[in-house]
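Okay, so chain A shows up in both of these, paired with chain B first and chain C after.
Showing the complex of A and B:
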């Protein structure tokens, strides 16, 4: 427990087996992240949490903490890379915030705000991704999917249902539903499932509750995501698997 | 300031909501008007843009006329600002981008239930729609972006006063919004 590494000049203690991200959050230091969720095994796909470790870039969510590491996170070089990653995600999907139920509670949007992303910069791809509104209680809007696999992980590891999966490679990679028809209505997903709570963006939505929280009262209207991620960090210690600070509940 | 900054504004494929938000700076319009004067704008009804310091464009590019106006602004404005979701991402009009334009027009003007003797408008005065709706930065260089649908009056005020004061404009939490 006496071991520490340096994060932006501060000494961060860690326990054996912790990653740089886990130790940083536990010690009250925020590192921007999107596909990382304290209750799940790190995925390392979004790269938002990239930091400089002893001068080389690494994803802090998968990088094991080691004594004496020199980690640089809140520096313009890293924040500029993060800004570009967020811009690429916005350009790749159809993220039309003004009509999205998740607006104000969306991690991608909140990271954009925090990093002062004012334009996607790149050429928007405007992909054609039809909705799946087949389920009576749940809507899937694939336009906003960022392929973080949190729903895939939650459905298989917590719910034991394997409702979601990723299919294809490269730019054709997409979120799919595990049913012969490919439709959500033919799965056993339920509103109380963990998979319903973990989407950082607005893909998996319960029907008939949209826009229930007025603008100004939504989660990231109140405080920036950098000031709130630390509230989520104790989830690590919550072995019950309950998640009362997930999206949509301020 | 000895000389007032000249500002031009226009709405392309937009709803004038961002112009309404500009007016939402309320009584701050008076100190603003000590610093700027308007050139081409819906507020002045001047039809063409002369040399300006700042151009303010809401709305994306959805037809041929939009492209001409955008070029006129870029040619005449030292600083060009894209304001609002539509100018920055294509916004609501761009929600047709994954559809074929021909089938959109056919459905709206020919096959929509309840339509009788419909026809696709072809008056030569109507600007031709583009195949896809584009954000401004895909057509000309844009210097600054103020996101929001619309951005709040406070965001516009902060941005303009920073810019006029010669500072790098910053919005910060609560002022930078995409919805």
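Showing the complex of A and C:
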């Protein structure tokens, strides 16, 4: 019998080495997150998964599960902080959902709806981030980047290519492409790469797909992101390591 | 009529003249104003329709991937977004070298005719019926859709439900009632399922019946007020519209037909992919809206009229039986007098609404609607032009896309822009007929707005200002007495 910790009053079993997030998802408990992906080493950067552990805040994706922990996640105090974080992400980039082809399949948008983010909250920064459309089959729209580094990790750890990286510090930090020209066309990225499948927002896009999935059939049209936790938790890998959730909804 | 009334576009000596402004023009889409310059004897010296919004979609679509355009540019408007959605898609069909599959074209047609139905219903019942049913200078407090609902509840209900049905057709085909995504470069992203078809079919006969009755209302208005309806704001103009290869009315696709004010054909079945060879745009310093003209006639004489009146009078026939019968009656009415009347727009618009209902019925019975071959892509092109007949008239979308799939140039000539000079001419006629030399009243000024509304202008869409629609919110008690009021002016100031 495995050990357990308490999550919002429910006992959650865990295996040795699991984080709070891993154990919670495996047990069918959803904790909001953006930069966490079960196939990659926890990153702890988006802070959406912040929970209270024995009264102190911690990122659940990096917090090791321990027997007897009292974890509070779905409480107004945490959800209010999450709303603020989502608002900041929206304000920092250029997220024009009405004309974004990732609408309906976007984790940031889905979290916004699920957390009931009703206002912008902050003055939009409207950064100037030109597109990289140089690659014949792949478009990069940096306007929507939330710096989760999932593409950086996927390209490095799975694809073995190091196509992406982050450059700069603080508010000037940005996603860059690993080529002397700085253009995607001069990298060896391919459509089948893992880096193409993991972007939670609409930065890395296969060209000419656009709005081919009708409204009603998109990932988050039928059920909110939180309600999908029990049967197809976002980015939960199966035993073979493939990610059915990611496939087809790049 | 004095000589000075021949041209009211520019006053020779505007100094010392009294300025009267209708600001905003109400019950139209978007924001515009009318200015009149009057002397001490209330004689009119200048009349102008100003479009004071600026939108700029042609600029900020630059750099975006081409497949985004049909979804992005439809945000120009919340009334007929489908028009922009489909016109941009048709342009992108050229960009991707597509030949549409039967299912794709028919689903798009269904979406478009749903749009025609809802927009025409909105315009006639919600925006114009108050003028037409109560009188142009009737009690301003009742001259609105709520007043119509109180006095003519059955007509108001039909108007609301006709519009609702059109919106449902759009939802089924585009995914949402407003700003859907159904039409994509090279085709559509969904067909019409059996369940969706049956959902629409259960109401379609009622919609056809109500549409036919709506034509009857428009006709009756002419019969009851023959002199007023025939002569109000009447003027002669050239016309422009799409027609099918056999000359039939077709609102989705065809060649351009231009006719002179005396009925002579200027060009016919003209391939719209080279529209710039026959149409050009002039600019005037007092309006954000351009003034298109027929190249062969030049900027002064080449202005023209688009929209329901042009389409219904210039097509050779309407390819659905009920609407064709009504077209013939319209053209023959009182020796053809309604066909050249500014208020004839309303009658023609209702004939088109009936046609749209019939087309929707026919398409719903077409098995191709359940086809699964939705997209067909060919050889990539650099330039794409898409033209349709939107509810308000001919709509032109023109894009140039670079080798990286990014839009580098965009030109939109929307229906209301085509009608710019024609609307100005209509209000000048009304000023001559009703304003000149008389003491100004609200009712007289409304005559100007009645002429503008006949064109069903979409002013926001035509200028390419973001969210500055003037607004007044009233709080009323149970007896209808005003408790409080909040007003937002056109410059965004609340009072």
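One rule holds for everything that comes next: the second predicted complex is superposed on the first by the 232 of 250 C-alpha atoms of A that agree within 3 Å, B and C clash if a C-alpha of one lies under 4 Å from a C-alpha of the other, contacts with A are read in each partner's own complex, and residues count from 1 in each chain.
We take it that a residue touches a chain if its C-beta (ideal position, glycine included) is under 8 Å from a C-beta of that chain, and two chains touch if they have at least 3 such contacts.
In this text the structure is predicted, and so the values were computed from the model without any measurement.
K.L.:
May I ask you to decide whether A:134 touches chain B, chain C, both, or neither, giving the answer as first, second, both or neither?
P.N.:
In the superposed model, A:134 contacts chain C only, not chain B.
K.L.:
In the superposed arrangement, does A:40 touch chain B (first), chain C (second), both or neither?
P.N.:
neither
K.L.:
Quick check on the superposed pair: does A:126 touch chain B, chain C, both, or neither? Answer first, second, both or neither.
P.N.:
first
K.L.:
Scan A:215 for contacts with chain B and chain C and give back first, second, both or neither.
P.N.:
After superposing on A, A:215 lies in contact with both chain B and chain C.
K.L.:
By residue count, which of the two partners contacts chain A more extensively, chain B or chain C?
P.N.:
Ranking chain B and chain C by residues of chain A touched puts B first.
K.L.:
Quick check on the superposed pair: does A:98 touch chain B, chain C, both, or neither? Answer first, second, both or neither.
P.N.:
A:98 sits against chain B and chain C alike.
K.L.:
A:109 contacts which: chain B (first), chain C (second), both, neither?
P.N.:
A:109 sits against chain B, while chain C stays out of touch.
K.L.:
Can you list the residues of chain A that meet both chain B and chain C?
P.N.:
In the superposed arrangement, which is not itself an observed complex, chain A uses residues 98-99, 215 for both chain B and chain C.
K.L.:
Within the complex, which stretch of chain B touches chain A?
P.N.:
82, 85, 88-92, 94-95, 97-98, 132, 135, 137-138, 142, 144-147, 149, 170-174, 176-179
K.L.:
Which residues, counting only chain A, touch chain B once they are in their complex?
P.N.:
Its residues touching chain B are 90, 94-100, 103-104, 109, 112-114, 116, 118-121, 123-124, 126-129, 215, 221, 223-224.
K.L.:
For the complex, which residues does chain A have touching chain C?
P.N.:
Within the complex, chain A contacts chain C at residues 98-99, 101, 130-131, 133-134, 139, 207-217.
K.L.:
Of all residues in chain C, which touch chain A in the complex?
P.N.:
63-65, 67-68, 70-72, 75, 96, 174-176, 179-182, 184-185, 189-190, 375, 404-406
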